[in-house]
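Two complexes come next, and they have one chain in common, subunit A, joined by subunit B in the first and subunit C in the second.
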Partner chain A sequence: MNRPVLQIENARAYYIVENNYVRAIDDISIVIREGEVVGIVGESGSGKTTLSNVMLMNIKRPLSLIDGKVKLYSNGNVIELNKLSREELQKNIWGKETSIIPQSAMNALMPTKKIKDSILDVMKTHFEEIHEKEIIEKVQARFEEVGISKDVIFRYPFELSGGMKQRAVIAIATLLNPRFLIADEPTSALDVSTQKMVLKTIQDLREKEIVKSIAFITHDIATVRQIAETLVVMYAGKIVEISSIEDIIKEPLHPYTRGLLFSVVTPEPEVKKRGIYYIPGTPPNLMYPPPGCRFHPRCEYKLDICDKEEPKLKDVNGRKVACFLY
Partner chain B sequence: MPILTVNNLTKIYESGMIIRRYIEAVKNVSFSIEEGEIVSLVGESGSGKTTTANIILRFLKPTSGEVLVDGKDIWKDINTFEDLKEYRRKVHAVFQDPFSSYNSFYPVDRVLYQALELLDKNPRTQESKSLMEDALIRVGLEPKHILGKYPHQLSGGEKQRLMIARCWLIKPKLIIADEPVSMIDASTRGGIIKLFEKLKEEENTSILFITHDMGLAYYISDKILIMYLGEIVEQGTPDEIISSPRHEYTKNLIGSIPTLYRKWE
Partner chain C sequence: MKSYALKPFLKYISRKFIFLLVTYFIAITIVFILPRAIPGNPLSTLLRQIFQQGQANPELIRSVHKTLMEEFGLGKPWYEQYIDFVTRAFRGDFGTSISSYPKKTLELIIPVMPWTLMLLIPSIITAWIIGNTLGAIAGYKRGSFTDRFTLNFSLIVSQIPYYWLGMLLIFTLSVKLHIFPGQGGYSQGTIPTFTLKFILDMLYHYILPFLSIVISALGGWAIGTRVLVIYELDADYVNFGELLGLKEKTVFRYIFRNSILPQVTGLALSLGGALGGALITEIIFNYPGTGYLLFRALSTLDYPLIQGIFIILIGSIYLANFFVDFLYALIDPRIRLGQSEGS
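The block that comes next holds the complex of A and B.
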């Protein structure tokens, strides 16, 4: 097995709202290894984006990390990100070691500035002295690597199409060759043919070894299936299943994974044979999560134990699932 | 006889005061829907899907061409209020945005009252009440949890189910469903799709299903029409379209949709 790049141990990250906790991430442990693309899926409100903030240690009020460790493995050293201050993270970690393609990447570019100027601003936060010409050459090379013309950096964001903006943001996010990249719903606002192009660009980042590992966050299993090897399924701030993507598609173990997978309709004969399913009800309010398994109010396989005890992630034929059925 | 026949439908939008500009939103579109058939109209945004729907729903007058519902031209043969009422009983719409179908000042019951009034029934009678409850149960809603609530107290999925409950009251022959699930969470979408299937099976309702989602169209339809830049460029059964697309646009579209059971290349 490859060396780990990022490891989260028993993380709890809560939003503090009027003396109450919203348990957005509750006791989550993940290891992301070198060369791996990990898909993270779940409905809206399952804690996916909060998890990406924990991975970066981008913790701002009202979010706070209550418990747990975030470890980054960098050239043989282990850095505990949760012990660093925001300034240290900004200076030494973000952009260099870890980076993110944010959810609304299309709107991440400053509309009144040329792309070049936005990039130079970013560089100024990382280095005290910058050589403008050198940086521009480097950026232009990277733009061509992600498949857009090098002249794009002299344009304003409104002159670009959605797909071009998205790829420009990808190029900027990976400029310093970060070890670990998070892609948070990078394709959700694009039409299908642009989606495919952006997906290919992200795949190339790893093949060209610009980044070592990628966490791909999405609600669309069919998209993540094209790019990831491992799938992490989240529900209501918990991980319910971790497994290779092929195994999950062949046989989802957790009832939630099953519901999520079987609600996907793609133009394939298997879908017609399988039929279409849905998960009744809505995700719980994480201020008052249900006792026991958080999925039990919506689960069609509910057992007596499910509302009393909390299932732990356990090994089932080399896969991990948190369910009392196994 | 088909329930809906569309012949050579064209709609040109005009704009500009001095320099007139013309946009051909729908170009010479013809198709028909048989009784109990689900036909999908698939295309990207701006392809003219919604304009077509709005013409069939009589919200928009076509520039040329005709629309026949049950053999009657909806622009020439509907002259009196009674004719219009009859047409509204035959053709019903379910829209994309379940939020804007409600008036937030009134309890949600109002959408069902309006449906009953269309049927010339007094919504306050016991008979109407049991009709309403029956319709709600058919779409998987618990009447006592829904009736008397205001729109903001229901989820998007519940609101859309309630819109479909109207179809169980009115029992139209044709439903025009314009992107009915695109604003619904993926995990609850399947439930709404099943409701349309049930209407078709139990009431033999015909449905024109307008969507940009090829996967949904493939799953639900008997026939798929591909619309591109205002024209229907291709039509066929779902399997024909998926396995041997002819038009460049269709080929590109199908090649770009992420598949679940196969990995690309």
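The block that comes next holds the complex of A and C.
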């Protein structure tokens, strides 16, 4: 097995709302290894974006890391991100070691500056002395690598199309060759053909070893199966299943994973035959999560134990699932 | 790259300029109609004054009336009067004052204009800069002590009526403590000259009216900008910038630059609105500006003078707006370049 790049141990991250907790991330452990693309899927409100903030330790009120560790492995050293201050993270980690393609890349670029000037601002933050011409040449090379014209950097963000903007964001996010990259729903605002192009761009990032590993966050299993090897399925702030993507497609273990997989609408004939499927009910209020397994109120296979005890992740044929059925 | 950016910019500015001419035309039309819609005749007011001064000679009155009718062009049909008025207004001729007959209204207005502009432009801009900076810092440090202090201070200050603040300043700093003079634009008995002595004397008189406008205006700016900044704090480009490691200083600069845009429009409106507000400030401080002149014109029903002042005020508000549009195009590329997107 490859060396780990980022490791989360027993993380609990709660939103503190009027003396109450919203348990957005509840006891989650993940290891992301070198060369890996890990897909993280779940419905809206399952804690995916909170998890991405925990991975980077971008903890802003009202979010708070209650418990757990976030470790970054960098050239043989282990950096505990949860022990660093925001200033230290900003100075030494963000943009250099880690980076993110944000959820809404459409508005992720400073709107009233030319892209070139935004990039120079990032560079000025990380290096004391910069040679503008040299940097621009490097940046232009990176822009061409992700498939957009090098002249784009002399434009304003509002002059670009959605797909161009998304790829410009990818280029900027990976300028300093970060070890670990989070892609947070990078394709959800794009049309299907542009989605493919962006997915290909993200794949290239790893193949060209611009980044070591990627956490690809999405609600769309159909998208993530094209890019990830491992899939982490989240439900209501918990991990319910971790498996290789082939295994999950072939045989989803957790009832929630099954539901998620069946809700994918594809033009294949079997989908037409079985009709459109959705998971009945809604995700729970995480201020008062249901006892036992958090999925039990919506589960077709509910057992007596499900609303009494919390299922732990256990190994089933080399896969991991948190369900009493196994 | 240069010509690429310049062409839409020129187009934008020329479009604004044409718009400015059209609105100026509409404004002088309204200024023409309004006094004529008021019942009564400005000449009879003047003639009655002559009566009251005891000059009851009917021959004299008839000749005065005839001269005045000709002078003010009131004998002609309304459309001729209108064309006359518009052509003269575009040439900058607003007729003769009634109360200070036979002085031209412009001769009365031009000497007082610099006083008003000198008082208003620096004070409004100072209030704008201080208020926006305070508000931006408060918004950026939302929830901190700085934020709470600035918000409360701004709320109190913005609710103080500016004329009351002016009177309070006169009462405390002038009448009681004798630190600053309480009235006038310069010491009585001196003649405006370009000497250091006079300029210092003028600045000394300037401080209180200046302060009264700055203090009462900055609170509103601070409150507005604070909210705009708080909206901007969660913007996607802020989050992305932070996660790329941008320094707090740089992020603050980004937020400030983008949230200040609506306030630039606000600055134009306030430059316009404050010209009316300065009327009362100038009366309180006995300050020799257009506001004070307008006050005198209104109390003597000097219609040509009122018209002249209004046209000049409207004109300067338009110019301020035009200037701000120009500024807006400079600071927001979306406005400048957006013009070419449709074509």
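Basically, the second predicted complex is superposed on the first by the 320 of 326 C-alpha atoms of A that agree within 3 Å, B and C clash if a C-alpha of one lies under 4 Å from a C-alpha of the other, contacts with A are read in each partner's own complex, and residues count from 1 in each chain.
The working rule: contacts are C-beta pairs under 8 Å (C-beta built on N, C-alpha and C of every residue); 3 or more make two chains touch, one makes a residue touch a chain.
This one's a predicted model, so the numbers in the text were calculated from it and none came from an experiment.
In the superposed model, A:29 lies in contact with neither subunit B nor subunit C. After overlaying the two complexes on the shared chain, residue contacts for A:249 are found with subunit B alone; subunit C is out of touch. In the superposed model, A:264 makes contact with subunit B only, not with subunit C. Shared-chain residue A:104: touches subunit C; no touch with subunit B. Of the two partner chains placed around the shared chain by superposition, neither subunit B nor subunit C is touched by A:188. Legend: residue contacts after superposition of the two complexes on their common chain; A:58 is shown touching subunit C, with no touch to subunit B.
By the document's definition of touching, of the two partners only subunit B reaches A:280; subunit C does not. Against subunit A, the residues of subunit B that register as touching in their complex are 44-45, 155, 157, 185-191, 193-194, 213-219, 238-239, 242, 252-264. On the side of subunit C, the complex with subunit A involves touching residues 1, 235-237, 239-248, 250, 254, 257-258, 261, 331-334, 337-338. On the subunit A side of its complex with subunit C, the touching residues are 56, 58, 87, 90-91, 93-96, 98-100, 102-114, 118, 121-122, 124-126, 154, 156, 158-159, 169, 172-173. Listing the residues of subunit A that touch subunit B in their complex gives 43-44, 191-193, 195-196, 199, 219-223, 225-226, 249, 259-272, 276-280, 282.
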